[in-house]
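In what follows, a structure is listed as structure tokens, so that the remarks can point back to it.
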Amino acid sequence: MMQIPSATRKSGYGRGPQTPNAALTEVGPGTPGGEYLRRYWHPVALSSEAERAPRRVRVLGENLVIYRDGGGRVGLLHERCAHRGTSLYYGKTTDNGIRCCYHGWLFDAEGHCLEQPCEPGGGAHRDKVTQPWYPVQERYGLVFAYLGPIDCMPPLPRFDTFENPAPGGQIWPERDTAASCFLDSAVSIDVVPYNYFQYWENILDTYHVKILHNTFTDVAQFPGVLALDFRVEWELLSDGVLAHSYRDVDGRVLHRISQCTLPNIVAIGDLDGRAGNARRLNWIVPVDDVGWISFGISRGKQQWNDSDAVALTPDGKTWSQMSESERQRYPGDFEAQSSQGKITLHSEEHLGRSDKGVIMLRRLVLKQIAAMREGGAPVRLGDGDEALVRVRGGGFYDDAASPPSE
Amino acid sequence: MMQIPSATRKSGYGRGPQTPNAALTEVGPGTPGGEYLRRYWHPVALSSEAERAPRRVRVLGENLVIYRDGGGRVGLLHERCAHRGTSLYYGKTTDNGIRCCYHGWLFDAEGHCLEQPCEPGGGAHRDKVTQPWYPVQERYGLVFAYLGPIDCMPPLPRFDTFENPAPGGQIWPERDTAASCFLDSAVSIDVVPYNYFQYWENILDTYHVKILHNTFTDVAQFPGVLALDFRVEWELLSDGVLAHSYRDVDGRVLHRISQCTLPNIVAIGDLDGRAGNARRLNWIVPVDDVGWISFGISRGKQQWNDSDAVALTPDGKTWSQMSESERQRYPGDFEAQSSQGKITLHSEEHLGRSDKGVIMLRRLVLKQIAAMREGGAPVRLGDGDEALVRVRGGGFYDDAASPPSE
Amino acid sequence: MMQIPSATRKSGYGRGPQTPNAALTEVGPGTPGGEYLRRYWHPVALSSEAERAPRRVRVLGENLVIYRDGGGRVGLLHERCAHRGTSLYYGKTTDNGIRCCYHGWLFDAEGHCLEQPCEPGGGAHRDKVTQPWYPVQERYGLVFAYLGPIDCMPPLPRFDTFENPAPGGQIWPERDTAASCFLDSAVSIDVVPYNYFQYWENILDTYHVKILHNTFTDVAQFPGVLALDFRVEWELLSDGVLAHSYRDVDGRVLHRISQCTLPNIVAIGDLDGRAGNARRLNWIVPVDDVGWISFGISRGKQQWNDSDAVALTPDGKTWSQMSESERQRYPGDFEAQSSQGKITLHSEEHLGRSDKGVIMLRRLVLKQIAAMREGGAPVRLGDGDEALVRVRGGGFYDDAASPPSE
């Protein structure tokens, strides 16, 4: 069919440079965004993954190895041996550290060089050598690491939802990257190949649930309460943003809270609207500028993840079972976020009122970075010596709240 | 065998930087070459490929999607949604446009934002948002697009050879990249991985036919009239260059004309020397600086392509059937042009009189780019309101012409 | 297990830029390191590999082709034809040169353009065209090339250990990259993917044999004499460095000499401690900044290589038979050196007394490069018109030397 285009309406010609907001996307050492991220603890492995055989860890653009020595102590060291750079991935753990394969230099978890077997006297000057190391702490079955300046190291936070598990309940840690991104734990992927912020900010994007996850195709990904109409308000906290959504469920109001806590923490209520505090927390950990992984903790009588096998097609296939053509036709978060680019181009966006939560979160992060530029510090998580963080995420049946009237 | 090299003749040492002529090779937005290319219409798909399911199109370094809406209108839009950058490849066509999967924004073919479902009132400010778009027109079974400034948009040319098909004749569009480059339509390739100019200028390189295609190996790729000796003259037009070659065929003179029309159009006579105007046109469309594809149109009673299964080896194999060792031994255009590099290095060339057609074509293109630098415009194709282009390519038995006497 | 990190010891935070010493690692044309390397002859192929069918050669960052013409003369030319850049890999050798496939230009081994078939008179100006070429000489079954300035071309060295083979002995050239690096000639690899200097300097690293190769895992890679304790001294020569190691073998002293001769030559004694001059020489040839290959020559009654099938695991597997997990657990030279990086980061090293040989070698190379910066030349190999190099490597039972008493 022939169409004659108008010769007046400005087209895509002449767009000029298209750029990300680097402060939001950069995670590497020495970058404003990377320095901000480094002021917080990040999970880098499950406790069960820290074992005798060294394991590679890439986080915030740095290549590290993690191991557990014979005394049970976990070490997280820069991968390249301080001697001549051979990787400690090929090293051997000992009772008190890790030994490099090349010349046998032995290091402990604070990077002390304990032995230099080929040097006179086992290394008369070994005290002058430090293997770059990072402090770690284990909690909730995860190993957390702090990659920032030691003199600014905050306490490792506690999260109230995990501090007093119900009788018979346990804490279940998992590496849940695939489930987080593909709604299918069977997807075989180590690192999701785009910038972490594109996933994390999406948690406060309440409206996309209605479209992408429920009405865009003929398959509702989250049927049930999440398919109902809602009213949403966002609330700014000192250390994060909450999305309060309200839905009429059989005459009662379901008040769900989705929580993003700096720098990359997520707490949301059950997807089926079950009442109660969030029983799952997630950390969206930047591997580098173009990749992220996810660690989750849930609490309960058994391991649980309500995102790990969601049907996306009319014939009930999950992501790992779908063809490219089906993924084009039945997109989910992975398609929507990865196609923004490995690093999205903020300069090209046109944000609306429905993006208010995303805007608030970005501004809160930029505020931390600006404070640091002025010589200050980003907000600390939690209260008191225990750095106890109040988890607000969850689903609450609140008869007093206004029903969704918009 | 021992050989003692002379110590006097300058070797390959000390060559200095080796560079392309960027004005000829660059195709991206904002580059001199790219801005020149953008003043012309380029085919981006077959009409049959513009359908409900969006299709990715990469052209002149830009990532777009093409679709046909329920009303039959073809849209060609920048891939990244104007909202927050999600790809419209995952979008859904409607009666009048395409809807993004993430938040449901709806756009039409001129980038008007028709709906913002998550915004109050369906988007009170949606008129302020334009999805970057390009005008398209369909002709001869192809979808043509114009990526330049709207106020300079020329008419979509017509080509006289296709305007009045003979009785019973039809126009046959095809995506003929593999046949163009490998002389074998069975080669499975989307984009030929080198700069388009290296293929296009070769059309005027009459002499290589004699060597590469006919005498270099013991298999003549184009036996028949193309194997005969020839005399060649090149003719400069305002919008292209013609190569006039003359061969003695059983006492008559076969006058073949190979035509390159700006910016990337090809018209040549049948390879077997059949008389008549070119019954095939090709467009060598730059995908980006390091890739191109080809669209062809032929006319006749049936689909026809005389390059789609040429035997290159003594045992009659076509390119897709050959081993790496056979391709080394029986090279064709792909080998000769791709090995110049993804982008050839013009600084290293030594051109001769046999390159005159290539030289004329390069100068003509550089002249357009220079004119634009001075605030002018490149030459427009075709005459009159219909922009009718006279196709000169073809094979003509011309008793009056001089037989090849060189 | 909970560990509370001290908040005082400086961690890996704030490390600053990490860089290689570019003078040691760069091999390309025009770089200080590359210019130094270019003053020497390098093997580029076995004589048996220089045959009618052209073969690609990449050396010191340059892309070349090698061929042997009908008259037996070996040519080594830049890959891209001087006409318009088509690769001579697709060329055809003739009695006296190589002909390009595109337009048939014919070149000889000194880059003379002999024919331009498509030009008037076969090319009236062909004498003005030079195909970039490099002089070659064959010796010991290898083809050596010189990529430096012709007026500085040294004689091709001779090596005394190969000049007078014992009766019944022969010279055996081989491309032994896999054996050199993986201790397993069955590994299928063309180029080892890291900078050549990381392999070459390791030859003088006597101490790593004790750790990496013999005690680090529960499998001694070089059992026998190399597993014995040793004393080592390094000796600086004008053109290289020697590592003298002394071991007590059943009451006699085994004095092994490992020799690195500029710019990339290796001569060591048999790994089983057999007495005699080195019967193998190796050249560690840089392909580019991030890759190397190895050519070896051995002498004897038959082809011999004592590195070509070393068991690395308790169940006797060689490298090509091992899984990734086994390679992590039983590392060898490839793991130790490749994990330093494609190009190691000298800025991060902490060298000790056991690195003395490596330090001496690096300083010797840097001294050559500094001399060239001042307008001088690097040291020439060998003595006299025949440039005879005295090979010092080997194993010698020396009753007069001090037994290892350290």
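Order as written gives the chain letters A, B and C; numbering starts at 1 within each chain.
Keep in mind that, in the parts below, contacts are C-beta pairs under 8 Å (C-beta built on N, C-alpha and C of every residue); 3 or more make two chains touch, one makes a residue touch a chain.
Only a predicted model underlies this, so the values are computations on that prediction, with no experimental measurement involved.
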Identify the chains in contact with subunit B as well as subunit C, in label order. A
Note the rotational component of the Cα superposition from subunit A to subunit C, reported as an angle of 0 to 180 degrees in steps of 5. 120
Copies subunit B and subunit A - interface residue numbers shared by over half, same or different: different
From the C-alpha centre of subunit A to that of subunit B, how far is it in Å? 46
Any chance you could list the residues of subunit B touching two or more other chains? none
Name, in rising order, each residue of subunit C that touches subunit B in their complex. 29, 38, 53-54, 62, 72-74, 77-80, 82-87, 89-90, 92, 99, 101-104, 109-111, 116-120, 123, 125, 128-130, 132-139, 146-151, 153
Could you pull out which subunit A residues touch subunit B in their complex? 1-15, 207-208, 210-212, 215-217, 328-329, 331, 335-337, 339-341, 344-345, 348-355, 358
